[in-house]
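So that we are looking at the same thing, I have put the structure below in C-alpha cells.
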Amino acid sequence: MNKKKTLYFGAGWFNEKQNKAYKEAMAALKENPTVDLENSYVPLENQYKGIRIDEHPQYLHNIEWASATYHNDLVGIKTSDVLLGVYLPQEEHVGLGMELGYPLSQGKLFFWFSHMKDYGKPIILMSWGVCDNASQISELKDFDFNKPRYNFYDGAVY
Amino acid sequence: MNKKKTLYFGAGWFNEKQNKAYKEAMAALKENPTVDLENSYVPLENQYKGIRIDEHPQYLHNIEWASATYHNDLVGIKTSDVLLGVYLPQEEHVGLGMELGYPLSQGKLFFWFSHMKDYGKPIILMSWGVCDNASQISELKDFDFNKPRYNFYDGAVY
Amino acid sequence: MNKKKTLYFGAGWFNEKQNKAYKEAMAALKENPTVDLENSYVPLENQYKGIRIDEHPQYLHNIEWASATYHNDLVGIKTSDVLLGVYLPQEEHVGLGMELGYPLSQGKLFFWFSHMKDYGKPIILMSWGVCDNASQISELKDFDFNKPRYNFYDGAVY
Amino acid sequence: MNKKKTLYFGAGWFNEKQNKAYKEAMAALKENPTVDLENSYVPLENQYKGIRIDEHPQYLHNIEWASATYHNDLVGIKTSDVLLGVYLPQEEHVGLGMELGYPLSQGKLFFWFSHMKDYGKPIILMSWGVCDNASQISELKDFDFNKPRYNFYDGAVY
Amino acid sequence: MNKKKTLYFGAGWFNEKQNKAYKEAMAALKENPTVDLENSYVPLENQYKGIRIDEHPQYLHNIEWASATYHNDLVGIKTSDVLLGVYLPQEEHVGLGMELGYPLSQGKLFFWFSHMKDYGKPIILMSWGVCDNASQISELKDFDFNKPRYNFYDGAVY
Amino acid sequence: MNKKKTLYFGAGWFNEKQNKAYKEAMAALKENPTVDLENSYVPLENQYKGIRIDEHPQYLHNIEWASATYHNDLVGIKTSDVLLGVYLPQEEHVGLGMELGYPLSQGKLFFWFSHMKDYGKPIILMSWGVCDNASQISELKDFDFNKPRYNFYDGAVY
C-alpha cells in the first residue's frame, strides 16, 4: 500500500487565469496516487466561519476574521508534508511569496507547478532560490511525492 | 550615544512607482538616527559581480549568477536586525512576499511602510499576518528602530 | 484505512486534580480512531531507567537522571505529530508552559483540552497566543487529528 | 565603552511575592552596567493601548487586545538579546514557562534569577533543561551579560 | 500494520573502512521492519545526474553539479523522519558533522551506529551532544524507529 | 566609532597542524578592528571548570563535564554574531562539521578561513554548501565583519 503525502495548496483565486490554473492543478491532484487530498489543506475551503471576503466585504476590517483565517492557514502549513504552489510567472501574488519564505527555515519542501506555455519565463530570484522543484501542471498527476528530488527551474531568473 | 539598527531593504525596482517609493524610503532612512545605513543590506547594490539582469539579460539563465545573488540576499537577511519592506498595496511583488515569510520562523522583525495615499487599501491576509508593524513612509525618518512595537495595519484585509 | 497521528501527552501528575484530568484524557485518547497511542510519547512512562522522583527522592540532585529524562522528553516532542496539553486554567504548571513555547518556533501544532467546568476561565496571554485549538476533554475522543483547524479559546484572557 | 545587552523581562505581577521579586530584580538591572534597560522590553509596560486587564476586566474577552498584546510580547522576545526570568521555585507561572520554551529553538539565551532563600528548592525538569544559567537575584547587578556562560542550577530537579 | 519511518542515510564512501560499514548498515536496514527504505534518501544514489565525482573528476569545479547535489541532500534531510549516521569514532568525516548540526535546530532526531569494536572509543564533544541515541550496527536491524528513546553514548568523550 | 562583531572561534587543537592554524587565526583576529575578541567565545578557553580532557583523561567518561561543556559551547554559538571556522581541507574534524550545520537553520553566518597553500583543495559538498564565505587566513585581519558578503569557495568540491 502506498504512502500518501498531505499538501498545502498554495494557489490564488483572484482572477480568471488564477482560477483556471487552480482547477487544473486540483484535478491533477485528485488523480495522483501519492497525494492524500482528503487530509490536505486548501486555504479557500478554510476561511474563518466559511466567510469569503469577496462575498462579504463587510469583513474587510474584521480583526477576528483576519486573525483566525491567518492562523488557520499557518495550521495548514504546519500539518502538511509539502507546500505546493500553483505559480504563474510574471503574475505571481504576494501571498504565495510569503508561503515561499516560511518553509525555507522550517525545513518544509516547496514545489511549484506552472502551465507549459509559461514555464521558462523569467521569475524573480527569491522564487527561484527557495523552490525545491519546479515543474509543469501537466506533470502533476504523475509526480511522486514520496520521492521528491531537487531540480532547477529550467527557465530564466532575474 | 544612540544604538543604531541595520536593515535589509526590501523594495522593488522594476517599475516607476516602485522606483519612486524606493527613493523616498531610502531618503528617509538616511535621516533616521536609529538606522545604521552604512552596514545595512540593499539588494540592488549587491548583485553578483555588480551585474544587473535588466542591463545584462544574457545572465537570465546563469546558475552561478542566480545562486550567488540569492545567497548574498540571504546573508543580508541573516546579518540585518530588521527586515524593512517598501510595500505598495495592490502592487506587491512576490520577492517581497518571500522576504515576509522567511523572518516569521527566524525570529526576525518585519516592518513595512507605504505611501499615505495607499495606506489603508486592501492587502492580502498573509502580508497582514506576518507584519509586526505597518506604517507610512512619511513616518519612516522618525521611526525608533531601537524600540519597535507591534501594531495592526490600519486598513483592509482580504 | 485511517491515518493516525502520534501525540506528546503534556499533562501533570503532581496533585489529585491533575491526576484526575490525566486519566480522563488518556481514556479519551484510547477511543480516538485518529490517534496512534502505541507510538505516542507519555512523559511519565519514560522517566530515565523508570525512576520517578516522587518515589526515589535521592535522585533530586542527579545530573545524569535529569539530563537523560529531559532529553528523552525532547525526543518525544520531536517525534510526535502534535503536542497535546491537558490544561487546567488557573492551575497551570510551568512544565506545560515550556511545552507551549517550544513548538511555536518548531512548526508543531499545540492543542489543549480542559474540563467543561473550567473551560472559559481566565488564562494567561501566552497560553492563549501559542495555542492552535482549545477544547474540552469531553470532545477529545471525537477530535479529528487528521484535520486540525485553528480556533480561539472561547474564554477569558489576561 | 561597554557593550550593553537588551533583555526581555519575564516576571509575573499577579501576587505579592511576585511583585516583590519584580521590584528587586528591576532595581538590580538598573545598576548593571552591561544592561541596556532603556531599550529592553518589559511586558507590563507594553500592554496594548496601556490597558491592564486587572484594572480593566471588561477586556478579558477582547480578541483585539489579546492579539496585539501577545504579538507585542513576541516582538519583545525577538528584539531582545537575552530572555531573563524572575523565577520563584514552586510558584512558577505558566507564562514564564512559555517564555522558557520559545528561545530553546530560536537560539536565544535564557537565564533566571531567584531569591537566595528559594534557590536550591526543587524545580521541574523542563525549567532545568532549557535554562542556560540559574543564579540568585543578589548576583544580578554584577552579572556580565556580555560574557554569559552556562551553569547548572545548583538545586533539586524533579 | 506497522508504521515505517524514512531515513537519511548519512554514511561515507571514501575509504575501505567506510565502505564496509556502509554495506553492513544498509543490509541491516533492509531487514528492519520499521524502516521504509524504498522512500528513504541515500546520498550516494542521488548525485546530480548520477555523476559521482570520484568517477568524473572533471566536475570538481562545477557549480551547477555542486549546487544541485547539495540541495538534493537538503531535500533528503527535510523529507526524512530520522537522520541516521554510520559513525566511525576517530575516523569521522566532516560531512557527517554537518548532518549532525543541522537537525539539532530543526527538531529532527539524530541516531548513529558504529561497530562493536569501535563503540566506546573517545568521540568529540559535539557529536556526543547532538546525538539522540548511539548504538552498535549489530543492533540496527532490530531497532524500533517508531519508538525512539534517548540514550547516552556509552563511551568516552573529549 | 566602528561596530565590532563577536565570533565563535571554531578551530581544533588536536594536532600540530591544527595548533599552528589556530595561533595564526587568533593573531589575525587580534588585529582586526571589526572583531570584538574580548566578548567572543573561544571553546578551548571555556571547558567546564577549566578542565581539558587531554590533561585530565579521567574526565573522559564524566557526564557532568561533557554536558556542561557542550551546553557552554551552545551558549557560545547563540551569543556570537558569526561562526568562524579555521578549516583545513582534507583534515577537517567532525566537531567543526557540527558547527557548520547548526547555524544553517539558525540564520547565523558561517565563514571559514584556510591557509593559502590549502585553499583550493577539494572539500566535501556539505562544507561547501553551508559556507557563506571561504577565504584564506592571510585575509582574516582585514576582513570586514560588518559587511559580510557571500562568495563561493574558489576550489574543488566533491
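Which chain is which? They are A, B, C, D, E and F, in the order written, and residues in each are numbered from 1.
Heads up, the rule we're going with is that a residue touches a chain if its C-beta (ideal position, glycine included) is under 8 Å from a C-beta of that chain, and two chains touch if they have at least 3 such contacts.
These figures come from a predicted structure and were not determined experimentally.
Superposing the C-alpha atoms of subunit C onto subunit E requires a rotation of 120 degrees, rounded to the nearest 5.
Compared on C-beta pairs in contact, C-F and A-E come out with A-E as the pair having more. Rounded to whole angstrom units, the spacing between the C-alpha centres of subunit A and subunit B is 24.
Chain centres here are Cα means. That of subunit B falls 32 Å from that of subunit D.
Centroids built from CA atoms put subunit D at 39 Å from subunit A.
The set of subunit D residues touching two or more other chains comprises 1, 63-64, 67, 71, 74, 105-108, 152. Contact residues on subunit A toward subunit D in their complex (touch as defined above): 63-64, 67. Contact residues of subunit D toward subunit B in the complex are 1, 36, 39, 46, 64, 68, 71-72, 74-75, 77-79, 106-108. Contact residues of subunit A toward subunit B in the complex are 53-54, 60-61, 63, 66-67, 69-71, 73-74, 92-106, 122, 124-130, 152, 155-158.
Looking at the complex, you find that subunit B touches subunit D at residues 1, 3, 107-109, 132, 146-152.
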